[in-house]
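What follows is a structure written as structure tokens; I'll ask about it next.
Chain nomenclature is as follows: A, B, C, D, E and F, assigned in order of appearance, with residue numbering initiated at 1 for each chain independently.
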Amino acid sequence: MRPSKRAPDEMRPVSFERGVARYAEGSCLVKFGNTHVLCAASLEDKPPPWLRGQGRGWVTAEYAMLPRATHTRTRRESSSGKPSGRTQEIQRLIGRSLRAVTHLPALGERQVVVDCDVLQADGGTRTAAISGAWLALHDCFQWMRSRSIIKENPLRDHVAAVSCGVCDAGPVIDLDYGEDSTAKTDANFVITGGGGLVEVQSTAEAAVFTEADLSAMLSLARAGIGKLIEMQKAAIA
Amino acid sequence: MRPSKRAPDEMRPVSFERGVARYAEGSCLVKFGNTHVLCAASLEDKPPPWLRGQGRGWVTAEYAMLPRATHTRTRRESSSGKPSGRTQEIQRLIGRSLRAVTHLPALGERQVVVDCDVLQADGGTRTAAISGAWLALHDCFQWMRSRSIIKENPLRDHVAAVSCGVCDAGPVIDLDYGEDSTAKTDANFVITGGGGLVEVQSTAEAAVFTEADLSAMLSLARAGIGKLIEMQKAAIA
Amino acid sequence: MRPSKRAPDEMRPVSFERGVARYAEGSCLVKFGNTHVLCAASLEDKPPPWLRGQGRGWVTAEYAMLPRATHTRTRRESSSGKPSGRTQEIQRLIGRSLRAVTHLPALGERQVVVDCDVLQADGGTRTAAISGAWLALHDCFQWMRSRSIIKENPLRDHVAAVSCGVCDAGPVIDLDYGEDSTAKTDANFVITGGGGLVEVQSTAEAAVFTEADLSAMLSLARAGIGKLIEMQKAAIA
Amino acid sequence: MRPSKRAPDEMRPVSFERGVARYAEGSCLVKFGNTHVLCAASLEDKPPPWLRGQGRGWVTAEYAMLPRATHTRTRRESSSGKPSGRTQEIQRLIGRSLRAVTHLPALGERQVVVDCDVLQADGGTRTAAISGAWLALHDCFQWMRSRSIIKENPLRDHVAAVSCGVCDAGPVIDLDYGEDSTAKTDANFVITGGGGLVEVQSTAEAAVFTEADLSAMLSLARAGIGKLIEMQKAAIA
Amino acid sequence: MRPSKRAPDEMRPVSFERGVARYAEGSCLVKFGNTHVLCAASLEDKPPPWLRGQGRGWVTAEYAMLPRATHTRTRRESSSGKPSGRTQEIQRLIGRSLRAVTHLPALGERQVVVDCDVLQADGGTRTAAISGAWLALHDCFQWMRSRSIIKENPLRDHVAAVSCGVCDAGPVIDLDYGEDSTAKTDANFVITGGGGLVEVQSTAEAAVFTEADLSAMLSLARAGIGKLIEMQKAAIA
Amino acid sequence: MRPSKRAPDEMRPVSFERGVARYAEGSCLVKFGNTHVLCAASLEDKPPPWLRGQGRGWVTAEYAMLPRATHTRTRRESSSGKPSGRTQEIQRLIGRSLRAVTHLPALGERQVVVDCDVLQADGGTRTAAISGAWLALHDCFQWMRSRSIIKENPLRDHVAAVSCGVCDAGPVIDLDYGEDSTAKTDANFVITGGGGLVEVQSTAEAAVFTEADLSAMLSLARAGIGKLIEMQKAAIA
């Protein structure tokens, strides 16, 4: 039995709210239960310096948590002088996931930065962030098309993500903080609307895992991400 | 005539929403029109190092803006390695304002940090932050009293703040971003429930100002802060 | 009675010595009693990057204290990796004060940096710095005019500053370190030769202050700054 | 056909050389073809601060590349002021992999840091580092046992790692730099001597991947890691 | 002929002024021509952490230049986040020179930091700093003895320094900035009152130098330092 | 008697191995006994920014130690955020030594960076680095000439370095770590193939030194460096 009484394949209540950041070109407040992430897409006129003159654009992401998003206060990264290793890992993952479904030449020599700021954290912040960031990016591209900045939609597909784990109850989906901190194995999956795998990351915590564990988690993730992508579609319908 | 059609002494719609940060000991989402600030108070077991062994506590604040709180994206301060001068000025001001109404010995050897994170910025973020931070601090102290961590309430009075300015229309209260960026003089006032002045900061932007300007702005601020404190009282009633 | 035996409206002995930095385009050693600040103006060929191509210049200031300017040694800011919040607040204030009396288009696309280095600190370093920096800036502009780099003098007026406070003895002017650290209210005033207010900053320390306190301090400041500007005039005569 | 003429399941020539760092408690120079990593284990008397008083130790890793390990020179991270996101990701991965086979309470309140410095980089540096770091750690623990610092060997199993990828030639093992930079999918596998999975990380580069791709890569990795562990066993025999 | 018309063995006018920093335990303003360095000694209650519990003290130095000490403005090191390599080399040299004549156990578990801040720079700042720092340190030790903090004087001897160089005119002493920037060889000598060598640093700039050059410069330095030590003696007489 | 049983004028076994870094334009692994330094020269297309447009190039060096090159582990400089003062002193010295024998205009507007990474440290790392860096630079210039990037060899002469010291046994050459940490005086000499002095740095540690000590050390250094340069010549023959 999961501490939350959820079935192994049961995600927390999920919602996507578009247009929450008045000044951003695209934005989305995504909630996976008590995990709340504000995603805001910003269009920048120039690509990053290393991409100049190559006729294509870039999509990147930044990730942060408000100091009191968590059960106990976390020190602000601007005080410690640099993003932590964990923060950098997460923002690299979000960026790669978004670029996997973006046709960068269609963006022209521009950059979109998607800021994912965790307002409240109860596990699964990076997967919620990816799932919401797709909507913010979508709306940013729509904004650009409505102003004829670009002609075609650079998005080639949906992308969403969910965490899975192996707990005492066996393989489960969408762990909250309590479950996550006691899971024997922790995994994150990023999958496209077409079912293609973008990222599989599975890490032994208290014990090694088997190929069967990995398969079981991947099946759970496929089903969960299918639902998330249905919700993305409903949100932009 | 003000660009927003408001009367010179008319503030934007203001709201205070308590308890928005599930894990914080006290929290408040304050809105002054399109300026939205999330204030979260965190209790820490120890005072800052320089205060150890003196039998009293400390209240401090940190302030930040989400990168896309603003009309154009602002670089994240954790990337630039340090809080900017503006950020530091503001967080020092919030901390002083809260300490002006807190009896620090009643807090014991502890620290409360109030994080003020601007979700959306349309002028007046520091004054909204002070006004909302008071409620977050109030609720943190209530939380502490309900758990018998402290006996008496360390808060001695209310405190709130508002910006004023001298525009083409003359002295006005609660400037939004557009008005603020064209004001000839910019001022911030912090006043207690008892009417005592805590901070007066008035700065010439496009032109010097007169003693009459200062008096007029102070009168506007007194009236506006009176209303803010009524709203704080209603919020905790 | 003030600890220094001075009358409430009595400033410490003040002196301005021009031309003390052999290599600077303008310089001034200003003394307010035991507070000594070396102000040096440096002409730079280019404006700051964000102002390029706009046909006007910029005046900015940097402020620092020698480690042993103070009663006990202060850590060097180059060791801690960044200017403190206090340092940044002060250098922003000095810069704003000087710009309030400078016609920036007359400067062309250039920048003047006024370095204010405190050799000895006994309270009131920022107000001494502003008062002396005006002379350094004046001499820098003269240097530029004598070389036909600019045609007209960009300075529109004098500017000077003084601190005031509310002590047990009531409102007083030009606090030294001892008085400053026990004052109930601390204020800084920046006023032009024409009597226009540039900055009013008043902060409750041990107790809130009243509008009457503010007025009394402002009157003291007006008189004191009047004398400082007379001395500036004598210095350049 | 692979550019290197290797069969899909053919690793590059691998060697492990123990005892190469005269002053370290354990060390190993590991070569996967032209990728050379020097692994050195250092015993420290104290665990990291956050683990003090809990009766167990810690194993961590640091990773860096010499500036000219690579085809073109890379800027030294001490000049840029902090390890990059990539560096942090890798050193976190190495540390987790080693801890997965270490019984931390058997180490006592001590820490072992394994420095993995890449002398020459031709792809697969992180997997070579993990495979060699195990030997350095093994020798460090032997050193400790020979001096009766610890009684039992904290190592519970072997651990090694290899990269796989999906190239034009299909799934392949142990990519060199040229193959790696053109692979459609990039993966890293960390597996124990007992066959337990420690980490699976698979990332789409030019195209998404399928479950079949993942399975094929995992099979290749199992075989390759089996050989690496045989070589570790031979090295310590 | 030297550009300054000085004879090869002729130093610039030198002066030492004690007691210039009101709050420091010892201080000296030293001038070598247009090079002016303010040296201030600060007593600290504790030795550096790595020396605790060893029954002896430490003497160290910090060195900095005011931004406009030089012909063109130099960026403030607190802005760039760290002391430059040149600054660190110089402050290590000053510290070593002072420790060479200090009996550290006589100081007890304390530290003296001598801040050497260059107010004006015309070549030879490090040698002027060493020569003046000795006086600041001397006065700090006197201050300590007069308060019975220490019993004996930890100073075992005088120490002073001078620069030499090989110019077109041959070996010369005490180069000013103009001479220094065109010298073929640049050297600094630190010598005690007893004539013992503390530091010899000689660097080829435009051309290599010979043993004869080194001997000639050392002879010049001996004579010059002899005079500097006479002046130190006169200053404390 | 020296602890190592070497005669006062006896260096440790020295070897130079060229071509050790596969991707560098020139490289050399130099060993002075147990001190091993990997020197790699990298050609960069552009000179440093401050040299642009002047028709000549630059040669510079960077120096670092692997964390466990030493008897106890040293913290990685990328973690502490900046190279230490010692590191900067050494890399400045290596760079100056190489430039003393390089005709920079012959290099064109390019830069060569020689990275000197200490794999194992037993005293004398900076002198070994200089001696080996010359070979890496030589091979880099050969590589450039073989590709007709430059026409003439910019190297004007050989350069090598050795440490000397005054120990209980009197003046000795090429101190290992144990001898170095107890020497009364520590010196480094850099000399060209033609016998010209490039750098003489001699520092009193436990006691001042005399002119006779300096001469004796210089004679030892001349002889030792003569042998090193013979070995360089043999290595490139």
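Here are a few things to note about the model shown:
Just so we're on the same page, a contact is a pair of C-beta atoms (placed from the backbone, for glycine too) under 8 Å apart; a residue touches a chain by one contact, two chains touch by 3 or more.
Everything numeric in this text was worked out from a predicted model, so none of it was measured.
With every chain reduced to the mean of its CA atoms, the largest distance from chain F is reached by B.
Among the other chains, D has the CA centre that is most remote from the centre of chain C. Averaged Cα coordinates give chain A a centre that lies 50 Å from the centre of chain C. The geometric centre of chain A is 28 Å away from that of chain D, both derived from CA atoms.
Averaged Cα coordinates give chain D a centre that lies 33 Å from the centre of chain F.
Inter-chain centre distance (chain C to chain D, centres taken as mean C-alpha positions): 59 Å.
Taken residue by residue, chain E touches two or more other chains at 81-83, whereas all remaining positions touch fewer. Chain contact topology: the protein chains form a single closed ring, every chain touching exactly two others.
Moving round the ring of chains, first from chain C across to chain E, one meets them in the order C, E, F, D, A, B.
Chain F makes touch with chain D in their complex at residues 21-24, 27, 34, 38, 40, 42, 44, 62, 64, 66-73, 76-83, 87, 113, 115, 117, 119-120. The touching residues of chain B, when paired with chain C in their complex, are 81-85, 88-89, 91-92, 96, 100, 192, 194, 196-204, 207-211, 213-214, 218.
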